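The structure appears below as structure tokens.
Per-chain numbering from 1; labels A, B, C and D assigned in written order.
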Amino acid sequence: MKAIALGSPIGLDRLMLEERPDPGEPGPGELRVELHGSTLNYHDLGVATGRMPSAVGRVPLADGAGKVTAVGTGVTEFAVGDMVVSCFFPDWQDGAPRVGDFSRTPGDGIDGFAQEHVVLPATAFTHAPKAFDAVEAAAITTAGLTAWRALVVDGALKAGDIVLLLGTGGVSIWALQIAKMMGATVAITSSSDEKLERARGMGADFTLNYRMQQDWGRAIRDWTGGRGADHVVEVGGPGTLAQSIEAVRVGGHISLIGVLTGASGEVPTAALMSKQARLQGLIVGSRREQQAFVRALDGGAIKPVIDCRFPLEQLADAFRHEMSGSHFGKIGIEW
Amino acid sequence: MKAIALGSPIGLDRLMLEERPDPGEPGPGELRVELHGSTLNYHDLGVATGRMPSAVGRVPLADGAGKVTAVGTGVTEFAVGDMVVSCFFPDWQDGAPRVGDFSRTPGDGIDGFAQEHVVLPATAFTHAPKAFDAVEAAAITTAGLTAWRALVVDGALKAGDIVLLLGTGGVSIWALQIAKMMGATVAITSSSDEKLERARGMGADFTLNYRMQQDWGRAIRDWTGGRGADHVVEVGGPGTLAQSIEAVRVGGHISLIGVLTGASGEVPTAALMSKQARLQGLIVGSRREQQAFVRALDGGAIKPVIDCRFPLEQLADAFRHEMSGSHFGKIGIEW
Amino acid sequence: MKAIALGSPIGLDRLMLEERPDPGEPGPGELRVELHGSTLNYHDLGVATGRMPSAVGRVPLADGAGKVTAVGTGVTEFAVGDMVVSCFFPDWQDGAPRVGDFSRTPGDGIDGFAQEHVVLPATAFTHAPKAFDAVEAAAITTAGLTAWRALVVDGALKAGDIVLLLGTGGVSIWALQIAKMMGATVAITSSSDEKLERARGMGADFTLNYRMQQDWGRAIRDWTGGRGADHVVEVGGPGTLAQSIEAVRVGGHISLIGVLTGASGEVPTAALMSKQARLQGLIVGSRREQQAFVRALDGGAIKPVIDCRFPLEQLADAFRHEMSGSHFGKIGIEW
Amino acid sequence: MKAIALGSPIGLDRLMLEERPDPGEPGPGELRVELHGSTLNYHDLGVATGRMPSAVGRVPLADGAGKVTAVGTGVTEFAVGDMVVSCFFPDWQDGAPRVGDFSRTPGDGIDGFAQEHVVLPATAFTHAPKAFDAVEAAAITTAGLTAWRALVVDGALKAGDIVLLLGTGGVSIWALQIAKMMGATVAITSSSDEKLERARGMGADFTLNYRMQQDWGRAIRDWTGGRGADHVVEVGGPGTLAQSIEAVRVGGHISLIGVLTGASGEVPTAALMSKQARLQGLIVGSRREQQAFVRALDGGAIKPVIDCRFPLEQLADAFRHEMSGSHFGKIGIEW
């Protein structure tokens, strides 16, 4: 069986397919899955470029989708031939958050999905959305479920709500699609007019080039008639948070996802207080939330935007494409 | 000024336009509104046919929409020329339910909107949805807000949820439209194949003629693969509740709205308990919920289904049409 | 190892200790527990008297508490010597309800705890509350967690809320204690002045003998100054529900637990609707809810009321005592 | 009628009782209230020391309690002789937050309660808790309701939860009392061992002198066995927030109230994200929340801690005492 593992020292140049022992047959409660697709996340990039030295030797990639080829005893939820997709937190099945680190996340604390076959507990997967191919299915695990959790689980999004999205990365584009599927109104920012044009084609109601309009927080609020956005999906972090607080309505909700502008920084806490706003930290979501998300996707209204697809053996090139920042939506890996 | 009032004894034959004193100019915090449309509800029919003898002399109709023609001092939310729509509970502005009767509901405990002009506190209205005419706007007050409250406020509806609707009355058709606008999956029942066909044309995913399939609770559950519906909008009451409990999923939600089959009856409480389901009584909603609903409608995705329109002077005929049960959606009154 | 199993046909006379094979050592993820205590529930009585003929040969009793005597590989939450207590739904770990039957409940669908030793997954237990003996700990599993779920999980109980309890069975007495621990105000009914006196000694603020005052729903509402109770813990079922609806406030919450007066009956659904009240079916709760309940009990403010204690070999007599209805609080089984 | 108004320029030295016109009789929906007590908040200190120059001429003090001496037409909630207490946001009656500034807060944007009589809408008051004198009642309006909102409304506090409080100011001491009334476990910090000793006497389970133990965030988490606090009442602001994030559990809740250490500062946003924690900004609460809080206080379990009482004419001295920081609980003003 072929797999990719992180070399020592870690480096994109060392991401090469190598032979690995076959994982064998599934034990009780387990599945054997023939993997066929993954997508890249900012988190994967961090691991693959050595931000986590303890990952030496680990198989990278948090997202994985493929076909069930064998089913262990006691498994009733899946059958041979089912298309399945992995869970970012295989131990977080249900309920309020239980995890605050990546020690059990595939491709970080444990082996990920840059390989041909895995044998894992059935509870580490959900069904894939109907009519999604492996790359599309893989895209739901990290970026998709993050956007779903931010808007739907934490935000209780409803039709008519105003959603502000920062940039056109994987989470933001998923959030755009989810928000439009549920009747919300969406504003989105980017430094690229071309990307904003694409977002508008996907239903964005208001677009803003933050290079042109640096006081974008106020601009968004003005666009809402002074009321402010109900939800902000904050993928930027400290560098954008002050303006997100400016843009959100009194009593509004900011999903804190991002570390793109750093892990720490100046935050106007008094403004957050007087806005009576909620700043909700989150990392992806539970398996049960993924099951609900899959039901929503089974409706067929949306599919992830796949920027491009690389074969597994060109994983390093795919990461380089991610680093370039020129993509729109998800970068797929397919095998 | 012309108006219709309930005669003594109350009877449809006595619903005639008569001259009434003009309400004059608005005082502080009030609006003067030139009314142009209403729609009929089951509740209005009850009042108009004498189920509430204390209503003698009252102006009927809970729904009212029209144009602001004068604004009292201190009113900042509305301006002359704004299109507005009335609130079913003018005293319930916000927050959890405060009212358990109709003593302050227009057309029941207080005068309703079967008249040309009213002067009322601004807090008794919200803006009308953009691009709705007066009849369409009036349709949101009672039936629309009831459906919104059931699914969105109480039910926290999300894309992918399964919604079961009973019949094709005003609340059910609104619920169908709201559910589809938010990406949900909808099953609907009727005794008319023709009405089911229309519902299917509006996006219903599964239709069921309960005259053909009397064990419809089980049929719905089978259709969901045994899981059951997430939400049931129960407009039937005791005569249908047992099957609604059969149809709902474990932990699901039944909105109890209906008295169509009576005010009391046999209920399998043990089945409700073991389903761990919620049976949530509700009557319409608060003004703030109506404001949120209007924002959702401003998106332009849906408009109420108006079965037909009667002029105000033919209100009695309109009620007779309602009694016939042949309508689909709302019966409008226009003047 | 000694155990009690349900004979064939099932009957209290056949509940006798017999020799059973020892369960052996724990496998991966499992615990071996030396059991020392249980308590009786209405549900257990139903099983033990043959309401569920399929239970022939089953070890009865849903509640079980004891000491960990061996720990399987991979178990980190428990250590040898820990006092633990069983879970009513060993498969419902967390999140919204997943189960609507008793097919996996100990003492019903699977073997229960009327035995000396068990080997089960660690996830079928939680830690016992500090300073609780085995009988006291066992009392939390069914009756205690039901009361906690009704008031705290579903009801979001807060200080100052008014709670109405029906009768002085195990759930009601737990609910009384939980409500008082959290600063709520409690009304309780009974047919026995002596039991009401005991409830008053435990902090009940208002007591009512329903044999003396048959219109108790109205009496409770009058006592609240007409506002009504925030929460009703409905252990009676259809025979009491009409008055519970009368007693609850607009927008209030009725926990539907009981089948004491039957599985089905006449319910005034229109009254529930116009009260805008929630009738929430429930069966016990999840393991995570039990963990939160244990944390609350670790504070040491309350302990279950144990009416009396029977040795395991006198289980039949304990059930007869339960049938007599003379107990107050829980009937313990100790070995 | 006597009153105190802010001079020009604003300064504590200019806070002197002066004669003002009597407010006269109440109009429709209004109350005339004879005021007898107030308490000082950090917010009042800011106004009184000129942080808000626009307040020149304004009557200070956000908290006010006294006796109803006349009732306008249409008021049914209050009668002459009732003890009442003011609302921090007289226009925020119910529901989710509506206000993000102090433009309608007594003693800031509008006249406050440093006077003998007021005539105001009945909706600007609630009943005072039973058996509270005027100073005790006044203490609930700002500090008390803030603590209640943080823990009970936003936090859904339950017995067994772990609450971390920073310092022994008015909000923290109220939070300590509310948390203990509802069965929670409390840790509290201070720089004064004497104050910690007093907090322990009021039920605090764990006390920590942050001058001695500067890494207090970790210390609190260690004390919880590594799990972390469920709720942190963050009155410090940016200077303490990093350690509060360290102390909170995964999925926990931090109420952001404080500006004591500044309006903006370095915040470890990535740590908040990976804790999946909620940072909830808030300012006091709605009138309906105050009504619920009063019901909780009517139980009689707790009364505010009044550090000392000054007569109204010594208001300047009372503010100087507040600035010294030596108080524990609330500083009362009585007349």
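As a convention for this text, contacts are C-beta pairs under 8 Å (C-beta built on N, C-alpha and C of every residue); 3 or more make two chains touch, one makes a residue touch a chain.
The structure displayed is predicted, hence computed values, not measured ones.
Asks: Name whichever of A-B, A-D or A-C reuses the C-D interface, so over half of the contact pairs are the same residue numbers.
Replies: The C-D interface is reproduced by A-B.
Asks: Decide which interface, B-D or A-B, involves more C-beta pairs in contact, and give its chain pair.
Replies: Between the two chain pairs, A-B has more contacting C-beta pairs.
Asks: Report the inter-chain centroid distance for chain B and chain D in whole angstrom, where each centroid is the mean of the CA atoms.
Replies: 42
Asks: For chain C, write out the residues touching at least two other chains, lowest number first.
Replies: 96, in rising order.
Asks: Going by the contact rule at the top, pick out the chain D residues touching chain C in the complex.
Replies: Chain D reaches chain C through residues 152, 156-161, 178, 181-183, 185, 292-299, 301.
Asks: Please give the residue numbers of chain C that touch chain A in the complex, ascending.
Replies: Contact set of chain C toward chain A: 93-96, 286, 288.
Asks: Over in the complex, which chain D residues touch chain A? Could you list them?
Replies: Residues 96-101, 237-238, 241, 250-251, 256-259, 262-283.
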